[in-house]
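I'd like to ask some things about the structure below.
Chain nomenclature is as follows: A, B, C and D, assigned in order of appearance, with residue numbering initiated at 1 for each chain independently.
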């Protein structure tokens, strides 16, 4: 862990934490963050890259604005004066890789059942086309072949990040980690929320009609 | 866009917007307006035809009374003094066609999963008969053959409107747009809500028993 | 309609109406009273038999204590001084028959999807045995053959009531009306709620394992 | 029932009761405690073993802090001064056996549909492996064969407890009682909640992919 940074204000981190808490409570209500699963992050600095991410091991339905950790580009904890050094999820490493590669400023990771079932059924990627809801993830409603990539699960975030980068298509703001869950991202938390909801709907639709 | 109309009061538009917000939050809670999908409208003037419709691109679970646009018969934005010129959804064009053809004063469009799945399974229309809930859409519980029409999806609202008119049966207050979602309507917003709920139930029932 | 009764106080009817509103809002939240479907009743007098029943045509998620009608043994509206003469549902006739035959003081009718699907699949009755939840409807968890009767749907409440009486087994506090919905009853509203929930669970379980 | 104990303060029991009420309302909202089914307990004393357990026959969505009973190692009611002698569920006997054998300080029993369906489908135990959510029950996400044991149902808590002990694997904090429901446990109520949620998710996933 690097020494405490003075360029990043605790206020900014806690404001992000408050936004993360609201989003997490929403997803918990839908049933996509059972147990203490899932995590959500927001980029709070681009240079150097810093993400505020929900702290590990907590119930995502009742987070406080201070239940947040700050991480750097490889998901490593970064000390910020005035911010409690809570443990970030190991998965913060993938959040950071997503933010760095895609320019997304918000990343959502949920254990949405339909996403894991779809990843199990189509381990080579989930093909979608000719559905209006594709517009909700920035694609076309007609004649646009969209593949939600599926990558293997790993506990090694460097490995997982490499697989993500190899599978990444800049046109598709989501990836399924097989046997695990869904990552989706957007320009801000609300956008990431909407992308997450649309991807999950598309996967449910695919499962119901395939 | 025409010049600002003085015959339509901003108060009336915003009162409609408040009602639309409540209905949209309700449908969002059921999961039928994921992402920023779906839209709801209320006729605020018949001559000339004007609809208040939820503005485009917003989360339908947290609309304000002012998150509303006013459109004319082809879904074109209409300026109203005191009403912010928010962008109406392109789909407002179909709302206006429905309102004009059916005399309904409220139209609901949702991405209810069961409706899109049923449209995929029965692209020629979904046949329903001998179910009590048909009374909830103005039909009979016995010996009444009801077809929920299914029309193809299009991004051209004129084309979509023409297909709707060709498929329209005055006895049936709903249409499925294939690969897209459900439209349902009623004499006011509450009636349109009830029709929407009953049609979705009927489609879920059909899928579970067919 | 008989002349206004003085033996039944409006206060008692409206207190029942308040209880009915709470129960109806609860079932609406679960999705069992879509549109304006379903109704709930409470016996407010045994001699003569009088039931307070949710008024017809209203959204069951937002009833007021005054959204209640009073009916007699055949579901006919009974005038009570101080109680608005709202239209009872036609189905109040079956509520009254249930109350008269079973001694139940509360009857619930919901359009629970699983009940209608089960009635469609097993038109001769739904057989259940060896499930703990059977205790929740007053039966045994082991070696007790329970049949939830299924009767045909009708718009004639006398006919429907006769079919109910023919199918009635005093040990089983519920009946499925095919192509329609579920009736369940208990000693008071809370008991009827619990029976309704348990029967629906049992039918969902039966559908998932048959 | 033993004479009233003075070593256990009513305050402690009611504080536990308040926590049990919150957890029970949460599970009721998810639909896992329909009717008056299910119960939750917290160990309030280890020597002698005493559990605070939700009282029998009540709606688990609206418990008060005082809707709690105190039981000993075989589920027998224990009188505590200042605590109303409410009837504990018969199932409190299994809660106590779980607490004694596993050292868990909180036990959850719910009638989660997926658990009972999984127990019906795999009466010899539900095999799970290679799923990230296994970490939520203390197991590994990779190459760890996990079996959720399934034991037969019984109304005799001694028998049921013996079967539980025979099936118990210290690495697995849950057991399915066939034709009945799920038991899960943890170091405190929140942990038990998270284990319960993760086990249910895993069983739903297994059912969807098997």
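Here, a residue touches a chain if its C-beta (ideal position, glycine included) is under 8 Å from a C-beta of that chain, and two chains touch if they have at least 3 such contacts.
This one's a predicted model, so the numbers in the text were calculated from it and none came from an experiment.
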Going by the stated contact rule, which chains contact chain B and chain D alike? A, C
Which chain is most remote from chain C in terms of Cα centres? A
Roughly how far is chain A from chain D, centre to centre by C-alpha average, rounded to an integer in Å? 33
Distance in whole angstrom between the CA centres of chain A and chain C is 46
Send over the residues of chain B in touch with two or more other chains. none
Every chain pair meeting the contact rule: A-B, A-D, B-C, C-D
Which chain A residues qualify as touching chain B in the complex? 30, 130-133, 136, 141-142, 190, 193-195, 197-198, 200-201, 204-205, 208-209
Which chain C residues qualify as touching chain B in the complex? 31, 34-37, 59, 111, 113, 116-117, 120-121, 153, 155, 177, 179-181
